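Heads up, the next two complexes both have subunit A, just with different partners, subunit B and then subunit C.
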Partner chain A sequence: MPLLSDKTYLYTELAQEKGVVLPTPKTEAWKYTRLRDLLNTEYQLCPSTDKTGSLPPFEADVIHIGNGWVVGELPRIEGVSLSFITETMEKTQHPFALMNAAYLTQGLKIEISGKLKRPLLLNYFVVPEDKNYFYHFRNQIICHENSSAEIIEQFTYEGAVKSCYFANIVNEIRIEANAKLHHYKYQNEAFKANHIALHKVAISQSGEYESFCLQKGANIARNETEIALNGEGAEAVVNAAYMMNGWATLDTTTNIYHYVPHTKSSQLIKGVIGGTAHGVFQGRIHIAPNAIQTTGTQLHKAILLSDEAEIDVKPELEIFADDVKCSHGAASGELDKEQLFYMRSRGIGEEEAKQILINAYLTDTITQISDERVREWFKILITG
Partner chain B sequence: MNRPEIIDESGDKYKYGFTTDIEADTAPVGLTEDIIRLISRKKEEPEWLLDWRLKAFEFWQTMQEPTWAKLSYDKIDYQSLHYYSAPKQKVAPKSLSEVDKNLLETYDKLGIPLKEQEALAGVVAVDAVFDSVSVATTYRAKLAEKGIIFCSISEAIKNHPDLVKKYLGSVVPYTDNYFACLNSAVFTDGSFVYIPKGVKSPMELSTYFRINAKNTGQFERTLIVAEDDSYVSYLEGCTAPQRDENQLHAAIVEIVVMNNAEVKYSTVQNWYPGDKDGKGGVYNFVTKRAACRGANSKISWTQVETGSAVTWKYPSCVLQGDNSVGEFYSVAITNNRQQADTGTKMIHIGKNTTSKIISKGISAGFSNQTYRGLVKVTPQADNARNYSQCDSLLIGTNCGSHTVPYVENRNRSAVLEHEATTSKISEEQLFYCQQRGIGEEEAVSLIVNGFCKEVMQHLPMEFAIEAAKLINISLEGSVG
Partner chain C sequence: MSAPILEIEDLCAEVGGKQIIKDFNLTINEGEVHAIMGPNGAGKSTLSYVLCGKSGYKVTSGSVRFKGKDLLSMSTEERAREGIFLIMQYPVEIPGVPSTTFLKHAVNAVRQHQGLPELDTMEFLKMVREEGRKLGIDNEMLKRPINVGFSGGEKKRMEALEMTILKPSFAILDEADSGLDIDAMKVVADSVNALRDNKRAMLIITHFQRLLNYVEPDYVHIFANGHIVKTGDKHLAVELEQNGYAEYVKEN
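Then we have the complex of A and B:
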């Protein structure tokens, strides 16, 4: 557990203390993510709270995590073993994952051995106060052979927010042979908050990982997914959507490593950026030598709604094997004027018409979610 | 299908591996302020240029060699190179017949038919660069009639100092990057083209570069200025003799395009790629950039890159003028141990600017290739449009192909599209060809030529033939 008192700490100084080199604008993997606000803020450790966030409109087993601390007792769920973690699963060079390990608030070990009937919801909730709080939370999710589960992460906050807070989340996920994990995330942090999340996923033979992440909030947010397809027949679907009308930086980063033959990955990421917001997408498909008969596809599309909005995209293919099918595409532009005109000529107001188009645009990514209830939930979330 | 004519005993297929024995006037090894002063003195340069060189050298010493490219090569010892080497000739030749016979023979072997060209009457004018100093320039009279200046940059510095002073370093400042800065300090020669207002060049202008003297870094500098309503098509072709030491080549090409003007720049790059184990070969670090300063201006880069052990090259378009157009067509082929990190930059600044990128990469053997490109739309570039397509073909299981495009959009009215695919030669296509009695190697070369067609058709005629041959030679031995 961290040795933090009530004192406030400058994040860069904390990093220095642990010898962690935080990214600068010259760090390639972070070049588009402007971290200045995040790094130059003084934080102090979040105190625990009893308050909990609201729940989505479907049945789920819930673990409430308030201010980075698990609220109450851990629930008992059939087929799941829950405990607090004592150490991290693997080493990483990721600067924020290193900080997460160094200053861990709390962490959960979630071992899944059966086929879960209900989704497991990790309901993160922050009650901000006048001070700048930060918390580092980590989950180790192990899906044992032949198991199947659905895990949903929701990040929300309470009330009007004057201060900023920083949530640094790491998920270490191991999917064993023939296991299946659906992993959905909804990020709607306060508009001054910072949110950095890393999902490190290792998939064994014939394992399946399906993910979707909707980012709507925060000041600086990054959702990074790193997937290692380690066993033949392993499959990963990494979809995401982001929408922002304020001034935030929303970053979606994926790194997908095909290490063995006959693996498959697909990505569809769509964003809508307005105000003075800044959208970032960085995606890499890496195919190791001899990882033949692999398929990797990636598509990123973004719409800019305002003159000050920005979008930076870096899709990347890194291929060392010849018998592969890989492609990526990226497009950005504004809302189709003809479509807008079509609707306006039928008496639909401009704002409403825009909203309809945006919804249709983002719904593309949502329709790929396997679970119908979750799909419907996300459809509601993108209209709000 | 033609087989390459020369296969030497080492099994290498580099057709142009020979050295011409001409007495060279070479500066001592190393890079110091004195060497730069020597180069400047030898070239009888004005004071301002020497000052500029020295400023560049001073700045270069504060810079770090870039490491972001996906390239690995032995560290270059910049102090072990000669920075000046000129073929010794007592009197400057007035016509081709006065040029050193050895030189002419070299060109013949390379397939630059200088004399033939003369006979062909005005198809191509060659400003042949042999190492660092221009030795023969043809058709200058005909061009001069139209007011076109086409000469070596050293001559331009002497005869048109105002033009050179105005444009030199205006597109690629000496502070631009490590290799451009080095070039600015030590460049020895290159070409200068000035197309006056309203003039369309009556022929394609062409320069053949050729590295010759042992251990000489080549630092060419080309400057092309196209005034309002003008047009020029410029060809650059490269071959280099075979050597064991790695040779450094850090060139700069600067192009300025004014209102309604168009420049078409085509390159066939075939420097010595090293032998099949990666020994030797040219290090090619090139900065090429065109500024479309005027409205409705257009720049088109076409390149066929088959040579060099290491290629680091990003021909760029700065689209400043409204309605300006930038195009980039590229075929890059790497085989054996070659490495290439190449692509383009499209910077949209003016309104209604459009750009198009078509890049075809073919990796074979143990080679690695990266497409690295940037499309940037600034806030004032309303209605910018870009289309990028990068296709890669892998031949064999030991090569690598990478695509790293950067797209930065600051304007909502911009429409940007990027597509990339990677695949191998389809078994079906191969089978189809073989079924019809076409050998495997020949079939591969047919398919590869088809794969590149979109780019090749943008090459001028003379180049298109040479380039198609080069592709076949480059891929020799990569199949089966």
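Then we have the complex of A and C:
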């Protein structure tokens, strides 16, 4: 079905056309994240734009992606080969990844063969002009042996904040032996927009994947990370923070598969939610029968600022091997009253005191970011 | 004659539905140091929390005026900005908030209230380090999250530093000497004495006479059954140390 840019389409009908079964409230992997607003919106195909989003305060090689289309020529970067993709790398059952493949707006193949000096910024930007656009973007990121890179994804928008646009993003990431990828993401979509992202990561021997995602925007947003630790010595860090005061649902989902011995994963996810917002964390650590001497840790913590705010947490450990170290923890609560009183008794106003405590609470999710400028940037985004 | 700084009249207050402060009266004038002594569990700390407006400490009747203003209608932070400072028995640990960051927020909140410009970071750091050094607080300690992992003595030194840089007109010391060795207690006492002048006033709440050897009070009050049962000068503290509280507790 060729899509027409001036027509509107129900997402459910587009799925039906391609035989994709979208999640219902009964679908286990999606049961906490209510997709009604997303699925019942009539979307229009996103036209390209020349407008670009603002840049963060650090030097980077930048690819601007406006409304799901790469803006201008692809840059030339030493150690990186960039091209447009024609087909997807892997098969998946993920309904939105299937939709992404079926109705791909554009996609990039990013092959890294050197040690990059500067971060590569994928600067996604939507100019919705009051319309409910949707776009599907996909990256195939291949980190060749011994390479190292830092890739940052930023999602922002301009104007027409009432638009219910939908960004559907897939990253297929392959990290070869001894390669290193630092992958950071800042999601600040418009407050009625929807954002679903899947990062599918495969890591070979002694490869390293270190990630952090900050979610602050959108109406329904899900950041899902699926990691296969395929080679001995492979390591993954999946950290995230989410902050929301409106009514949104912010979902962080992780599935980490330890397939071989001597692999390591750690996750620290923290959220602060107020208003009628809804936080979701689903985290699975799977350790295959032969994957001895693996370490998998997971910790989710949340602060609820209002009585109506809500979180759902589903940790899952599937351990089929002996001689492994595995832990998970979850905690949720309010801001500490004694700490608030102490600060106020020194003259600090209540709102300021709360903000200081929230900042302090979230800041330890970014301490592992080794690039100081990027860490500072996230610190400001958390504070602001 | 010096003007009153704190006027408490017929104050009654309760915690969790239980009346702790009952018909409490006390006037403290500028320049005066008062000590309130009483047996453990008499509600001495309740008084300090009531004066600071901590939630859960409910005033049921009576009035408190601070420098002529109605104290009870102010929020905790407004009271602090007006010049009330409580040295707490158990200072709270705040992970993730460096001591300097905390101090800067506090100083600037108070300065803003006084119509003064914010201190710039360099100016502020210089001042904090200098005052810190006098109290035995080094730069490393200033970088650590406030009170986190501090020993009892370090926590009280930090309280003394906060007080020194906020320059309150009225300081309340709530069991400020509990769990302190002599050196740390002297540091706290010195910082209190340094602040003492004919405009400021202090209220020392304590179970033991020990601290009063270092910060000499003008008046000593015995607190029992929710109010002051006897007032004297510093000799009353010595007498209490010898004879205990038994006869005052029994009185009512």
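The rule is short, and it goes like this: the second predicted complex is superposed on the first by the 378 of 384 C-alpha atoms of A that agree within 3 Å, B and C clash if a C-alpha of one lies under 4 Å from a C-alpha of the other, contacts with A are read in each partner's own complex, and residues count from 1 in each chain.
Assume a residue touches a chain if its C-beta (ideal position, glycine included) is under 8 Å from a C-beta of that chain, and two chains touch if they have at least 3 such contacts.
These numbers were taken from a predicted model, which means no experiment stands behind them.
J.: Should the superposition on subunit A be reported as showing a clash between subunit B and subunit C, or a fit?
T.: On the superposed model, which is not a single observed complex, subunit B and subunit C fit side by side.
J.: For A:350, is the partner it touches subunit B (first), subunit C (second), both, or none of the two (neither)?
T.: The second partner, subunit C, only.
J.: Once the two structures are overlaid on A, work out the angle subunit B-subunit A-subunit C from the Cα centres, in steps of 10 degrees.
T.: 80
J.: In the superposed arrangement, which partner chain does A:304 touch: subunit B (first), subunit C (second), both, or neither?
T.: In the superposition, A:304 contacts subunit B only.
J.: With the two complexes superposed on chain A, say which partner A:319 touches: subunit B (first), subunit C (second), both, or neither.
T.: first
J.: If you stack the two complexes on chain A, which partner ends up touching A:360: first (subunit B), second (subunit C), both, or neither?
T.: After superposing on A, A:360 lies in contact with subunit C but is clear of subunit B.
J.: Name the contact category of A:342: first (subunit B only), second (subunit C only), both, or neither.
T.: Only subunit C; A:342 stays clear of subunit B.
J.: Name the chain, either subunit B or subunit C, that contacts more residues of subunit A.
T.: Result: the larger residue contact count on subunit A belongs to B.
J.: Considering only the touch criterion stated at the top, classify A:334 as touching first (subunit B), second (subunit C), both, or neither.
T.: first
J.: With the two complexes overlaid on chain A, what is the closest approach of subunit B to subunit C, counting only CA atoms, in Å?
T.: Between subunit B and subunit C, the shortest C-alpha distance works out to 15 Å.
J.: After overlaying the two complexes on chain A, where does the subunit B footprint on subunit A coincide with the subunit C footprint?
T.: Touching subunit B and subunit C on subunit A: no residues.
J.: In their shared complex, at which residues does subunit A touch subunit B?
T.: The touching residues are 28, 289-290, 292, 302, 304-334.
J.: Which positions of subunit C touch subunit A when the two form their complex?
T.: Residue list for subunit C touching subunit A: 52, 54-55, 75-77, 79-81, 85-86, 88, 91-92, 94-97, 101-102, 105-106, 109-110, 113, 145, 162, 166.
J.: Once bound in the complex, which stretches of subunit B touch subunit A?
T.: 68, 379, 392, 394-424
J.: Subunit C touches which residues of subunit A in the complex?
T.: For subunit A paired with subunit C, touching residues are 336-339, 341-350, 352-353, 356-357, 359-361, 363-364.
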